[in-house]
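Some structures are shown below for you to check.
Next come two complexes, and both contain chain A; in the first it sits with chain B, in the second with chain C.
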Partner chain A sequence: MKYSYFPGCSLKGTGKAYEKSFLAVCKALNIEINELDNWNCCGATAYMSVDEMKALGLSARNLALAEARGLDLVAPCAACYGILIHTWDDMEKYPQRGDQVKAGLDKAGLKYTGKVKVRHPLDVLCNDVGLDKIKEKVKRPLTGLKLASYYGCRILRPIATFDNPENPRSMDDLMEAIGGTPVEYPLKTKCCSASHTGTLPEVGQQMSGILIREMEKRGADIIVTGCPLCQFNLEVFQEPIRKRFPEIRPIPVVSFTQLIAYAFGLGENECCFKNHTVPVQKVIDEKVKPVAAGAR
Partner chain B sequence: MYGIKRHIRYDSDRDNNFSDEIMAVPGCENLDHCIQCGTCSGTCPLSIYMDLTPRKVINLTRAGFKDDVLSCHTIWLCSSCYACVCQCPREIGITDIMYALKQRAMREGKYPKGMPTPVLARVFYNTVSNRGRISEIRLVISFLGRAHWQRLIGMWKIGLNLMSSKRFSLKAERMDRPGELQSVLSVINSPNGGVRK
Partner chain C sequence: MENKEEIRIGFYVCHCGTNIASVIDVASVAEYVSTLPNVVLAKDYKYMCSEPGQDLIIADIKEHRLNRIVVSACSPLLHEPTFRGAARRAGLNPFYVQMVNIREHGSWVHEDRAKATEKAKALARGAIGRVALHKPLEKRRVSVNPDVMVVGAGIAGIQAALTLAKAGKRVYLIEREPTIGGHMAQFDKTFPTLDCAACILTPKMSDVRSHPNITLLTMSEVEKIEGFVGNYKVTVKKNPRYVDEELCVGCLDCIDQCVFKQGKFADHFNLGLSKRKPVYIPFPQATPKLVVIDPKACLQLMTGKCKQSCVDACDRGAIRFDQKPEHIQIEVGSVIIATGYKTFDPRRMPQYGYGQYENVFTSLEVERMVTASGPTGGHIALRNGEKPKSIGLIYCVGSRDNRYNKWCSRVCCMTALKLGHLVKEHTGAEVFNFYIDMRAAGKGYEEFYHKMLEEGIHFIRGKVAEITDWAMTPEEEGHLVVRVEDTLAGVVRRIPIDMVVLVLGLEPQEDSREVQRMFNISCSTEGFFLEKHPKLAPVSTNTDGIFLAGCCQGPKDIPDTVAQAGAAAAECLALIDKGYVEMEPMTSFVVEEECSGCKTCINLCPYNAITRDDVKGVAVINEALCKGCGVCVSACPSGSIKQNLFEDDEIFREIQEVLAYV
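This part shows the complex of A and B:
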């Protein structure tokens, strides 16, 4: 299996634990990942608020780079993923608009025909690799670890390509495959409001607090995300959030690939548990039941 | 005048071309399908903070009350989570309409004073246009430095936490060859958005 890879700015910055663990998990599963050469930022919501046509041009350029390689494009960041899919959809729906963007790409010697498929790692791991193959690789099952799989807004909205947007299961299935116990809660795809924690903290922290409180109420020991922005938002602002929600206790927040890397028996360089402000290893040590010798 | 304002809108406050202009933006064409059911406002996790609910924004836009919608907080509170779009029984691209209104507010300089989101959008836009990539922490510092430097100081603890978890980086990310992106963008122009000349 081979894929093109669009990291986006976050996975090269505060989300580097997600990048490292994602690449390590792919390597362990013999998946070849090729980072796009000279990729540019997806534009996120901020760029789109200023100039939508140029925002389309940004993402179309990344899609064209991927198309030149003829492989599916994996984008682990939910914001990048959502915007790449949105661009692909827009270029199909509005040919006139697409033509202007294509003219821009043409100027840089790039071509876009809409052939490239944008994929999220959850999709690749569940549907291309398959849960059985993941199970086979597990050396340290997360037996006893109760976790809240959090999908957030953009992985499945507005265009859901691989899971149910109302009640998604892909991350829960993956976490079950590595021995964890996903808790059920109704806010799996409710917005965490990451785009507001920097600008309007009173708003962002309220939204995130509602989520964390609900996850804890349902018994979660750890929060698992598929987006570096959700991960950052739910973890780093817990202290100010607790001032609004005193009932919340510190809870680690990791990317789902980190727990898979751990279950595969990979080391700290791959799991990156030390790249967190709320200790991760401690919760795993406390909650995960050791496997009896010879049980696996 | 003692903060007294007229709360009833007159017909003469309307801009008769406005709704057509917004509906011409791709994704916004179903604006006039709205039946005012309010499902968007009920679905929106952020409507509790909005001065106009999404339902009202849709109706005011459709009716041409341009100044009301371009100067409201609502469009800047929309985090584009698309929850409303998925629930709308009339298939209205509410999030796209919010984007179209944001772009228009930016272009006409009409966003509410003191609202930090448009300031961040501008900093983000300029950084990406020049360098092709952003560095998250540099972006936050540069934005807070402009809009709320007091808050920047209040965030020292978060900065320390990020340092101790080795996630604090001031490295200025950029594309290897930003010129390749700039030549793509140089021929793309938006009728609705874009930077004010």
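This part shows the complex of A and C:
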């Protein structure tokens, strides 16, 4: 299995743990990941609302780079993934606009036909690799650990390609495959407010607080995400959120690939648990029931 | 067979008001056609189908000794019979008339006046060329079997069967469930009068059972149908009830004595809200009142190991574990399809939490609960048995939604109002209606809506976004929360509620496509059976002698269903009382001298109309079965099969003339 890889700014910065663990998990599963050369900012949400054509152009440039390689493009950051899928969809639905963008790319010596598929790692792991293969690799099952899988707003909205946007299962299934116990709660795709936290903290903290409170109420030991923005937002603002929601206790927030890496028996270099402000290893040590030797 | 008489053609082009004339220059079409060979006269007229239009043709035939007529107008589906009739009244064989469709194939689909006019001229020239070669043909009459089969015994099938039986006709009523009654038997009250559904339905069910003219076949499905209007041969598969229908008197002793002391299996009639034993009766007024044994639950039928206490309990010896499916052959002249609907599966909308939150119910479940003889004895209760203090009714679940079903299911607004009234009456709970638009178009429906508005139940206009169970405030704790945009107040609301009722839309039956194929009728894209004409032939289908009634044709309420069932019965009666049907003569025939008897055509015929005469060594086509599809004509290696009205020289001449113009 081979994929092109679009890291975006997050996975090179605050989402470093996501990148490292994602690449390590892929390696363990014999998946070849090739980072795009010379990729540019995905455009995420900010550009789109300012100048749609330019935003589409920027995003389509990345798609064109990927198309030249002829492989599916994996974008682990939900914001990148969302915008790339949006661009692909927009150009399919509105060919006139698409042609304008293509003409722009043409001037830069790039070609885009719409062939390239944009994929999220959840999709790749669940549907290309399959849960059975994942289960086979598990050396340290997370037995006893209660995980709240949080999909956020962008992975399945507005365009859902691999899971149900109202009641997604893919991350829960993966967490179950590595031995964890998924926590059922109704807010799996509710916005975490990452984009509000900087500008309207009172709104942002209210939204994040509701999420964390609900997950904890239903017994979650740890929050798992597929988006570096959600991960960052839900983890680092827990202090101020607690002023509004005093019942919230500190809860680790990690990327799902970090836990898979851990379950595969990989080391701190790949799991990156030390990259977090809320201790991760401590919760795992407390909650995960040791497996009898030779059980697996 | 070259026709020796002089060919004298009359050509008429219709304006159809402005339908045709606004796009096609009809006068120039007539002028052009008048220059063609054999054309005696060419005229244009405002409405050819009107009586003066027809009289024009009749007068011209007589005055100008016309022996061929070409009418350029609408689709022959609409007015070919009209113009053929006019020819016949003037003493001319009706098959000397040819139509050219310049409306559906012309003015309605083209904008360019010049090009559309050119096309009309070319098509007219083709028809003028072909009509000269037409031969006189006669329609054959075939007698009509007066017996009728009604498929499905819900209120539609019951009404149709009773109407026919009352008129003295024999009816075979086929129902696949163990009892008749359909969905209506599951309802408590009916809107807008709030009269008891059972009280008005069960007398009709008994009438069906006791009527000497009705042969009721329950647990039965149509497996095969052959033949044609007036003469259908049907194979019905009757599944085993494991009870002798002649011997069982419905005393229910066997149920009491079943080795299962308690009900254990989901009771479908109550939508799984109660449990039944393997031997059961669907509901107290089930008709026929006979027990039935579920082969997927009965120990004896599944494992062969049971002490069979039901057999001992039955002093009439009616239990029959050895029953096998039976095949029953019946012959009928016409068929009414009344196979009904199914409700939308709310699990397709995870945002409404059906199957996830235990206190989310469907409208049918609540319908059963509110019925005195239902699973809760008429009590509205949450799954834990408590009485709800607040109830929310969500309208349009699965209807009017691009993601699920686009259509309006027509009955749900009134169903919801009715349920709102009933649950309020039963529980005193606070009732919320979440609706998109209130559709109350039936007789007395708007008045019913206004009555409900005054009953102190809440109406919130907005499509519910989701039903969830996370509490934002302490008041919401322990309740379901309905999130909805209140479009009249312009706010997004969260309303804590104990019990949510999803008012389900109506869909075609799961196997509607199979039924459609078997009866050779059409379906609309959504899967409801297609009527022949949405306005003027609403109960007919494209297959003669097959009629539709009830929700299999589209969602409708009980009054409309009953009216439609009556109309379908009337169509059958019209067919029966006429006594015969006329068969179109455009069938295929074999030129015996040229046929080698190779049998190629026999297997290709979709209607099994061809056999081989082994004595003469030639194919023989049964004209009564031939539908004139032309498959055999094109497949015959020696070209020895021909088809009336579509003989090679007629078709080639038409093509030649059209091409000669272009």
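In this text, the second predicted complex is superposed on the first by the 296 of 296 C-alpha atoms of A that agree within 3 Å, B and C clash if a C-alpha of one lies under 4 Å from a C-alpha of the other, contacts with A are read in each partner's own complex, and residues count from 1 in each chain.
Just so it is clear, a residue touches a chain if its C-beta (ideal position, glycine included) is under 8 Å from a C-beta of that chain, and two chains touch if they have at least 3 such contacts.
Remember, predicted model here, so these are calculated numbers, not experimental data.
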Contacts for A:V101 in the overlay, against chain B (first) and chain C (second): which applies, first, second, both or neither?
first
Between chain B (first) and chain C (second), which, if any, makes contact with A:L58: first, second, both or neither?
first
Partner chain(s) touched by A:M48 [first = chain B, second = chain C, both, neither]:
first
Examine A:N167 and indicate which partner it touches, taking first as chain B and second as chain C; both and neither are also allowed.
second
Contact breadth on chain A, by residue count: chain C or chain B
B
Looking at A:E214 after the superposition, I want to know if it touches chain B, chain C, both of them or none. Which is it: first, second, both, neither?
second
Need the overlap of the two footprints on chain A, from chain B and from chain C, as residue ranges.
none
Residues of chain A touching chain B in their complex?
9-10, 12-14, 16, 37-41, 43-54, 56-58, 60-61, 90, 93-94, 97, 100-101, 103-105, 107-108, 110, 153-154, 157-158, 165, 189-191, 193-196, 198-201, 203, 207, 236-237, 239, 274-277
Once bound in the complex, which stretches of chain A touch chain C?
164, 166-167, 185-187, 210, 214
Under the definition above, what is the set of chain B residues touching chain A in their complex?
25-27, 45-46, 49, 77, 79-83, 85-86, 95, 99-100, 102-103, 106, 116-118, 120-122, 124-125, 128-129, 132-137, 140, 143-144, 147, 151, 157-158, 161-162, 164-167, 169, 173, 175-178, 180-181, 183-195
Quick check: in the complex, which residue numbers of chain C touch chain A?
349-351, 353, 356, 466, 468-470, 472
